[in-house]
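Chain naming follows the written order as A, B, C, D and E, and within any one chain the residues start at number 1.
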Amino acid sequence: MKDKYIVSSAPHVHDKTNVSMVMWNVVLALTPALAFAVYFWGIRSLTLTLLGAVSAVVTEALIQKMRKVPVTVNDGSAFLTGMLLSYNINPGAPWWMPIMGSVFAIAVGKQVFGGLGNNPVNPALLGRAFLLASWPSLMTSGWLKPKTGNLSGLNDLDAIASNLQSLSPKAYDLVTGATPLKVVQTLRDSSFVASINADAGEGIDLANRIFTNITEMASLKNLFWGNVGGCIGEVSAFALLLGAAYLLYKNIIEWRIPLFYIGTVFVLTFLFGPIQGSGYSMMLPFFHIFSGGLMLGAFFMATDYTTSPLTKNGRIIYAIGCGVLTVVIRLVGGYPEGVSYSILFMNVMTPLIDKFSAPKAFGRMK
Amino acid sequence: MSFISELTKGIIKENPIFVIVLGMCPTLATSTSVSNALGMGMAATFVLVCSNIFISLIKNVTPDKIRIPVYVVVIAAFVSIVDMSMAAYLPALHKSLGLFIPLIVVNCIILGRAEAFANKNNVINSIADGIGMGLGFTLALTVVATIREVLGNGTWLNIKVMPSTYDPMLITLLAPGAFITLGFLMALMNMIKEKK
Amino acid sequence: MGFLGQLFVMAISAILVQNFVLSRFLGLCPYLGVSKKLDSAFGMGMAVIFVMTLASAFCYLIFQYLLVPYGLEYLQTLAFILTIAALVQFVEMVIQKNSPALYKSLGVYLPLITTNCAVLGVAILNITPLADGSRYNFIWSVLNGFLSGVGFTFVLLAMAGIRERLELVDMPKSMRGMPSGLILAGIMALAFYGFMGMKI
Amino acid sequence: MIVSIIIPLAASASSTILIPVVILGVMGLVFGLVLAFAAKVFEVKLDPRVEQIIASLPGANCGACGQAGCAGYADAIVNSDAAINLCAPGGPASVEAIAKIMGKSAVASEKKVAVIHCSSGGTNNTKWKYAYQGVESCKSAVNIADGPNMCHWGCVGFNDCQAVCVFDAISVDEHGMRHIDKEKCTACGACVKACPRKLILLVPENRNVVINCSSKAKLPVAKQLCGTELPCIGCGLCGRKCPVQAITVENNLARIDYAKCIDCGLCFTVCPTKAITDAKAGMRKKAEIVAENCIGCTICAKICPTKAINGELKQVHTVDKEACIGCEQCVAKCPKKAIKLV
Amino acid sequence: MQLRTFPGGVHPHDEKHFSASAPITIAPLPAKVTIHLSQHIGAPSTPVVKVGDEVSKGQLIAEASGFVSLNQHASISGKVTAIDRFPHPCGTSSLAIQITGDGKDEWVDLVDEESFMELPVNEMKERIAAAGICGMGGAGFPTHVKLSPPADKPIDTVILNGVECEPFLTSDYRLMMEHAEDIIKGLKLIMKIVNAKKGVIGIEANKPDAIRLMEKLLKSESNLEVVGLKLRYPQGAEKQLIYAATKRKVPAGGLPMAVGVVVQNVGTAFAVYEAIRYKKPLIERIISITGEGIKKAQNLKARIGTSFAELVELCGGTSMTVGKIISGGPMMGFALPGLEAGMGKGSSGLVLLGEKAARSMEEHNCLRCARCVDVCPMNLLPSTIAAAVKYKNLDMAVKAGLNDCMKCGSCAYVCPAQIRLVQWIDTGKIRYAEAQKEGK
């Protein structure tokens, strides 16, 4: 058919973006976070990330071979999934964690439904939820200390700690051995406050001191740069914002979801974030948006094309939903961090949101 | 059809869970351990056989209009018997199966067999059908439970089978694990069917 | 905590934390069977809410005023299933006669509910002693039935939404239908785990 | 009210067995009465077929069919064309029963099968007009510049027909040609509708002669367009030769009226472009009269399309072997079974 | 100047540089023309000549077969040599009248009415209908029909479409640059016919000299205005142009007259002017022969029915291996199987793409990235429609907007998975029409 002209349906010109370009650009945008992770925790974080990414690719290739469909691992989506999954893992986790997570994410989260574009929920988040449900203790303990700081990101930890060790060993363990969100969650727990000291007033007072300390400017700086304990890819808000800026510039992600997500968290934590005895503080919402996986979730996971709503209004509803759930889980839930579960939950709701936010055709009255 | 073929069809060919896809609730809820699965399977088998016998006996005297309510009452009676005797003799099992013993009443398998088989066949064949279906149910339940118990607890019928370094995958004991395990087993059945 | 507070807790628990389908494994047959289309899922869900509320009320009354006085608690299963079956059939006939439109959107799902273990389940759960040994009273039983039905409908709708979307993709052949439905249920159960351990 | 009846009863008979029996009995009675009363008051007439199907379904109301219970499924079968094989608990038995109920309304007719009326459409027997890039579906392809193949009456080869066939009756071979399995075909007509070029027609089963072309092009053009160069050019030879006038030519295209066709294959022998195929070509036997059985009724002579049978009334007939075309019309008509094929 | 626009849309490379600076060149007489009986929306015309008849230039050779139909005229003088199926400029083949020229190029009759502005409206309409003018932007709706709105739909604004948002094409641009005054006269005539108070010429910002020229000419006219529009495709689509220029929303399924607007292409306005003043039938038009595959891109004034092959030769032939020939613009035009077809009244351009540019990539799974939703100027869900059509769920496709789609191609242009959304939607429309027919 060499001598024949090509005939196809209009349009005959095409934008240059394609799937693999999108995926690899997201991978590129995620690398600054990895660089920070390597700086804080050493080469181990790189190894875990690569283990996750490579096993995701291998799993996808194997399943596609088995299903006798074209192997499409070049498009980068499996690599991205594996990478995002590893980003959600504690850098001190055993080496098989990212592998198990990636295999589950790709096999159950994606290939069961026929591969790219068909998955009902974000596979990386599903992988993380799977790991958390399967090995809860391994996933939530054994955090690595950043090279230049401490786990909770408290600015003057030494000053507070020396005081605490004698006062309440439980509180001491907390500020030296937990991630910032865990600290805040524990401080919100009245039973913990009561246990600090028989004298409840003193407990509240102490809790308040730690609370204000962890949400003050100097500690926030640690959070912003990532100088705290946490999962591989989520700690450095700065690095993630850098990548997000690139994606926004490249028009790969849209501003609605991150803005409304982070905005909702900001407003709600300002209103409901303070603990008993602490007043409203402009610092507290910043603490919440820089800590945990919010930046990673809002820019890189909630914006996942496949699992977010199609319409602009739908995306706003979706993002607000994510924000509300994140705050609910952080403030009253059983987990210190709610980003991944809230996005997962809203992923499940996406088809319904799509259904009820279907756009009105231009010029159509209702 | 002969007694034997009525007996065996429920085990593989018309397996109530994998092929006919009925009775999902107890399958998922009671397959956390093999012992639970066996207990549930036996209880359901008992009810199935008894109700099959009874219904095939009374099929000619039941008016068509009220046959379903009658069947439900018959089944409920047998379920109550199982419930009470289990509470008396196997209190531990009764406790862990909990709500799902009385819920055998609404297990689609039992009513379905009553309608589809016992209502149209004689007592002997109905017994065979009941035993076969019951065994098929028990078998399928045990398969699911085996996977879940081994992966989620490292044991089989409370005997340790996995090496001590094995970190049990807790999720298989939880609700999501139950759904996903059964989902994959069904997909496997589909694949085998397709190959044929 | 006031009435509204308690109600809120019960709602959150019934819908999100202790969802009938995803964490109690009740009502799976209709959940997997009638979730292929959003419209029918909606009809089914409404019917379930309706019947679960009514069944909670009737079964509670039967239990409290008929079985308990004579010490016949052991007859609960029999009495409840009889009540539910009769109730559903009665409601179905009434709707079919009086409102064909409602029957088309809701009534046709009613017979399916007789054998829905969620209905019998909620009736039994309502009369089962709670952790502190007390039992729900009539009002709370009815509310529990209603909210559990809402929880069922909620996940049924979400499930139907996803499955309607999956109608428009190439799923592996062996995964179509029940297997993907079950795995989806698993994924949803996992997504609902975020609400575990919630302290309100 | 119930209570007021039971209390005295319970008081009089303190037996532990009696109370539960009475309570359940009364419950059953009350419910039964209410329902019986309701059934009368709220009675709604249903399509009798719906009721029949409900009766033949297991009544488990499991929902496995995707419908709202057994009644919903029965309604869907009758009123919205639901497939009849969705009831898992009922199994094959209920499928059969439903098929019977639904079949009552269908008119019994001769079994037909789908036949593709084009000899082209494969990977190496189609002439292409351009290099098509786009959706691989015939329906989509034919809308772009009259379709990618030269002959715009012919098969495009994207197998829309295969995709719609739920009975797996259409298979595609290594050359990209479609074959219809007559055993599996149920003449549901889905492929007929799916083919945008209207190449598929339903033909009575066991017919061997088919005009394997749908081109309406004139003579020189038709051959240039056709990938196999076996087009019907509408010359009309077949129509003139047909002993029963079953072939008509319209718009340069011959079509067989299968109601008249006797499957003799004569048209096949005269077609200059080999556009007519005959699966039985060369395999037809000739008629021969068994003299001892022949009573000379002349029925066969009258029916013979080629006048190959001669014979006076009440005399043994003879067959002119040269003229006999093996159409077997006489065999079927002979009252004495005096004609056999050799 | 403030630029206006509409919601949605894409921004393809405009690629006008090939032919934008080439002045309109009059193409030499073709030896043969094929004039199609169906160059417009509506019933095909009925031939009034026979094979063998001698015809003069401008002579009526096929007449309108109803109200929504069109007259066709001989574009050269010569002899009718065939009435048969010939390749159509949209890629299919259909009935056409072939005329072999005698080289004389004799007009049948032509007038020059100085006071053409004062003619009665009915006379004007008749002249337009007689001249066989249809929309020259591509869709080809008969102009006399468009200019006869029912009495209950008063028209207050006439919009001239000088947007030319399709990449590559420059024929309207050149026409505006070289015949601006005549176009304005045409606009005034149209306004008179529909009794509109206001006239607007919409031009996209990538033609600043055209905007300036028009502004200069319209300075003294208080009721005429030039609207500069942001560069965005499909600005030239009627409903989008109306929204951009007047902020009025044409109801779905409705016509521009529902909001008191009539839209005409600048080429149509020019043809209207010539038809009313000179009684000149539509027998020639400007066509851009452009694209990377052509040696010397040009804007030719050529006779209707001239074969594309001849036009390509006039432009020096091809410069590289051509992969795709597009009749019309690359966003909504038709790919042709060859150059045999003759140009029609709606042929605004012929674009030749090289082999590399012509090849399109394989379809992938839909990512649900919603780019198509974001760009859809009609506010639909293209990916959902396409998937619904693919999986034979016509109801869902209709709900997602199947029938509101105008096939502008913006969605398929941006789709990173290269899904042929327009073709799927097109297939859906055909299926829908079939289903409607069956239902009746």
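Here, contacts are C-beta pairs under 8 Å (C-beta built on N, C-alpha and C of every residue); 3 or more make two chains touch, one makes a residue touch a chain.
What you are looking at is a predicted structure, and each value in this text was computed from that prediction instead of being measured.
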Please give the intersection of the contact partners of chain C with those of chain D. A, B, E
Does D-E or C-E have the larger number of C-beta pairs in contact? D-E
Chain B and chain D: spacing of chain centres that average the CA atoms, whole Å: 42
Where the CA atoms of chain A average out and where those of chain C average out, how many Å apart are those spots? 34
Could you work out how far the Cα centre of chain B sits from that of chain C, in whole Å? 22
Report the inter-chain centroid distance for chain B and chain E in whole angstrom, where each centroid is the mean of the CA atoms. 70
Multi-chain contact sites of chain B, meaning residues that touch two or more partners: 21-22, 68-69, 73, 108, 111, 171, 174, 176-177, 180, 183, 187
Multi-chain touching residues of chain E, meaning two or more other chains, are 91, 334-338, 359-360, 365-366, 384, 420, 423, 426
Tell me, which residues of chain C touch at least two other chains? 29, 32, 75, 78, 82, 86, 114-115, 169-170, 175, 179-180, 183, 186-187, 190, 193
In contact, pair by pair, are chains A-B, A-C, A-D, A-E, B-C, B-D, C-D, C-E, D-E
Can you list the chain C residues touching chain B in their complex? 22-29, 32, 74-78, 81-82, 85-86, 114-117, 119-121, 124-125, 128, 173-176, 178-183, 185-187, 189-190, 193
Chain A contact footprint on chain E (complex, rising order): 7-8, 10, 12-13, 91, 167, 239, 243, 249-252, 254, 322-326, 330-338, 351, 353, 357-361, 364-370, 373-374, 377-381, 383-384, 399-401, 404, 407, 409, 412-418, 420, 422-423, 426
Residues of chain D that touch chain B when the two form their complex: 28, 31-32, 39, 55, 58-62, 64, 88-91, 93-94
Interface with chain B, chain A side, in the complex: residues 108, 112, 130, 133-136, 138
The residues of chain A that touch chain E in their complex are 4-15, 17-19, 21-22, 72, 75, 114-118, 254, 305-312, 358-365
